[in-house]
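One chain, chain A, appears in both complexes that follow, with chain B as partner in the first and chain C in the second.
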Partner chain A sequence: MDFKDVLKGNKRAIARAMSLIEDEDPQGLSILRALHKHTGKAHIVGITGAPGVGKSTLVYRMAKALRKRGERVGIVAVDPSSPFTGGALLGDRIRMMGIATDPEVFIRSMGTRGCLGGLARKTYEIAKVLDAWGADTILVETVGTGQAEVDVVQAVQTCIVILVSGLGDEVQTFKAGIMEIGDIFVVNKADRGGADRLVLEVQAMLELGQVHGKWEPPIIKTIATEDSGVEELIDGMKKHYETAKEIGILGHKCIERAMLDIEDIVRDRMMAGLLTPGKKHLMKELCKKVADKKMDPYEAAEKVLCE
Partner chain B sequence: MAKKGTSKAKRTAGAKSKGKAKAGTGKSGAACPPASPAGGHRIRVLVAKPGLDGHDRGAKVVARGLRDAGMEVIYTGLRQTPEQIVATAVQEDVDVIGLSCLSGAHMTLFPKIMNLLKEAGADDILVTAGGIVPEDDVPKLKKTGIATFFGPGTPLDKIVDFIRKNVRRR
Partner chain C sequence: MDFKDVLKGNKRAIARAMSLIEDEDPQGLSILRALHKHTGKAHIVGITGAPGVGKSTLVYRMAKALRKRGERVGIVAVDPSSPFTGGALLGDRIRMMGIATDPEVFIRSMGTRGCLGGLARKTYEIAKVLDAWGADTILVETVGTGQAEVDVVQAVQTCIVILVSGLGDEVQTFKAGIMEIGDIFVVNKADRGGADRLVLEVQAMLELGQVHGKWEPPIIKTIATEDSGVEELIDGMKKHYETAKEIGILGHKCIERAMLDIEDIVRDRMMAGLLTPGKKHLMKELCKKVADKKMDPYEAAEKVLCE
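Up next is the complex of A and B:
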């Protein structure tokens, strides 16, 4: 497979490249390396929130609005893989079939394949392929998140947290984790009772916190199914991108992300080099001893490392 | 007649779902290792509902069964055009497409999908069909490239086995 076909916009080649990367095939690795210098032009936006708050529907509406502005749009939608069988039901696309045949839109679904941070292991890399394809905006939809799945913040430039009313009192808005990562907060299903109250609660939470360098996260009310508030959300997203570029957050984030990438690759390589068949066998023996309390796990690790 | 066939299909699929899904889970443990960060390919399947057909109980049961067999299943939802289905299959780089139609329009929709796949250079994807299709139509559909037909009451294990044996390794 030639990475140039991805740059040319061949849909089958793009899709195949994504599979090879997701499957961690050596061919995928070389494609990724070749594409690296063709990336960095797209605005990558994360959309996260609890299951059923309307992430997929909102992503669909946002993609439509972006298309109206003449943009090329990439979408990566993540759903959970089963921890037991590894299988997955990827259903985000159901909400997006209205743009399925648009040649300027590319949608890819992913299973988390064992990752617990709200994204799949290779979500960022798949977004990179869409970036190389020439997408102006890439929308990355996480799995339905709870409180602590915040990997998305490291994979995107603008992070949108979607909330709906009726999921708890104001203490929920004060908790660490997901409430800290929003560059924009959206209160979706705003026609439901309690939406205004939730807006006030989020506002109060934000006012108590420190403003990170001139950007104050807006709170935008939307009704995704009625296309209400979507334009405002797109404007807010664009404004964040511009501001982040201006005040240098983006450049800083870019370097942080590069560091993470290098760390990941080094860790993987080291682990692969370290865990020889002999060591794996040793670990299997030691784990029985640890389970029987004849050895503690630190001692076992020491043995694996020193052997 | 169509109505009778439909309700039968629904009942069979529904009744089978519980036991079979469970069997799938137990079996897949050996055949499909759990998701690990080590990589490797997972069979990806598109379950698609072309045309004006509101019955997706069967498609959902199959989707669930394939999920429990360790596959990644993308479901299109109801009332999709052949163009939408083929565009989705290409973008998702699926290994298998499972078409389901209970409306009687299979002889129009299925061949159209097969043609569009060819045009897109995606005719290496394994395509299977299910739903309410008269016996006489099955050979005609197979001529268009559809690998096999799974009628109402097909055990999920049979579908899983067929996919595993016939999916094209890339």
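Up next is the complex of A and C:
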């Protein structure tokens, strides 16, 4: 396939390019490389939060609002909770149907199958395709609450953290980690009891943390199901983008991202060297020895490296 | 420090050894290597599930029940949700206090700081120290619901998945991925409405999946806060261990684990080669070029590898 079809906006070509990239097909790689210099124009926004906070609905509403403003919108739904099936969250995706047929919207679901540890890079690469296609805004939705989130967030320019009241103590402790990655905080389902208290709590934690330098993360109340607060959220998101550009955060993030990318690729290439038949055979033998406690894994690793 | 102090059961030495290992101190490494041949006797059990299902309380109850049976117990609480602070979930840990002073119990909390992608190995290494100490059972509790879980679970011999009713649709979709890693399923807070329905749902999904071969994962109802169902859970856990040994799953897991360990260490050693001053300088320059779209990351990676 020709990468120019992606630039022309051929949706089939875009989907095909993404599949080739996800499968780590050599063709995917060359498309990615060809697209690289056509990227850098889209605003990539991460939307994260614990399960059940209403991420999908909010993303749907945001996409609709962005479309009203005349934008071309990309959506990447990352589902790190599904490492085996690599599948999409069908239930929630159905809600997206209303915009899926819009020629100016492209939706892609990603599982984590086959990209153990490399989910952030894959997400970034998928976003890159959408960027090259000409998306003005790319919404990257991640489900779950672990390391995968943090990795994915490193690939976005604006990170929106969604919280809801009443999720219990254990969920709230996430905030310690998540406070530091959020550029904007959303208290969704704001008609629930405890929403105002949650806003105050987040405020207090942000004041304690002060990790954001010149940008003060706003806390925005939304009711995604009723389309309430969505315009304000989009305004906040645009404002963060502008500010981040002005104070040089974006440039810094871009270089950081490049570093992660290069390291990732170097690591992959190095590990590929272990896949020769001779090395594989050696590895197998060493594994047995380690399992039988006849050798420790460090000694085994040294043997692999010295071979 | 002397690794023999760990074998003697000196708790200070155990804690020190763990810190050295977590910090990737060369001393930690040599301790780990020395302990390797003293391991392989403990039953390592993973306890996982979404936030708020009551993992900590259940682990506490299980530890108490195991102590009553005269066992030495190790507990590793992994918290992948806290990548920045590396801290423990203090609130929940307080509940553990009642057993923390027991000389036959050792509790260790782990954050994910500094072990991006290597959490599973670190967890396994911490468990190894407890194994060498002479723990009969090691309970590894993981908070969160993502890839980190699955990785950690690869390091255990029996995996217990905890579910509760009423966590909402999005949480339930986790089950697709989690079904395949569970050796035992627990429906906790079984006095809640919907618990029996959840049991039936899990049963139906297990029947659909049939990924467990000769072992049929039981579904056990518990009310951790009332100590109900805990003995049954422990019996189930022991039964799985025996069955897994008999049908050869354990041996296979052991070899698989060794493979992951060796690969991990090889990868780390290879990447360490990138840390020379010359390479670092080159990387910095290449990052700028990639960020400015003058070069794509694959070209940059090739330059790093060929240098």
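Basically, the second predicted complex is superposed on the first by the 270 of 307 C-alpha atoms of A that agree within 3 Å, B and C clash if a C-alpha of one lies under 4 Å from a C-alpha of the other, contacts with A are read in each partner's own complex, and residues count from 1 in each chain.
By our rule, a contact is a pair of C-beta atoms (placed from the backbone, for glycine too) under 8 Å apart; a residue touches a chain by one contact, two chains touch by 3 or more.
These numbers come from a predicted model, not from an experiment.
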{"item": "Touched partner set for A:Arg269, first chain B, second chain C, both or neither", "value": "second"}
{"item": "Partner chain in contact with A:Gly193 - chain B first, chain C second, else both or neither", "value": "neither"}
{"item": "Which of chain B and chain C A:Asp25 touches, first, second, both or neither", "value": "first"}
{"item": "Touching partner for A:Pro297 - first (chain B), second (chain C), both, neither", "value": "second"}
{"item": "Superposed model, chain A: greater residue contact from chain B or chain C", "value": "C"}
{"item": "First, second, both or neither for A:Ile107, with chain B first and chain C second", "value": "first"}
{"item": "Partner chain(s) touched by A:Gly278 [first = chain B, second = chain C, both, neither]", "value": "neither"}
{"item": "Partner chain(s) touched by A:Gly70 [first = chain B, second = chain C, both, neither]", "value": "neither"}
{"item": "Chain B versus chain C as contact partner of A:Arg12, first or second or both or neither", "value": "first"}
{"item": "Residues on chain A lying within both footprints (that of chain B and that of chain C)", "value": "81-85, 87, 89, 91, 112"}
{"item": "Residue ranges of chain C touching chain A (in the complex, touch as defined)", "value": "29, 32-33, 36-37, 39-40, 50-52, 56, 80-85, 87, 89, 91-92, 112, 116-117, 119, 143-151, 167-171, 173-174, 176-178, 180, 251, 254-255, 257-259, 261-263, 265-267, 269-271, 274, 283, 286-288, 290-291, 293, 296-301, 304-305"}
{"item": "Complex interface listing, chain B residues touching chain A", "value": "24-25, 28-29, 32-42, 44, 63-64, 66-77, 80-81, 83-84, 87-88, 90-93, 120-122"}
{"item": "Residues of chain A defined as touching chain B within the complex", "value": "11-12, 14-16, 18-19, 23-25, 81-91, 93-94, 97, 100-101, 106-109, 111-115, 121"}
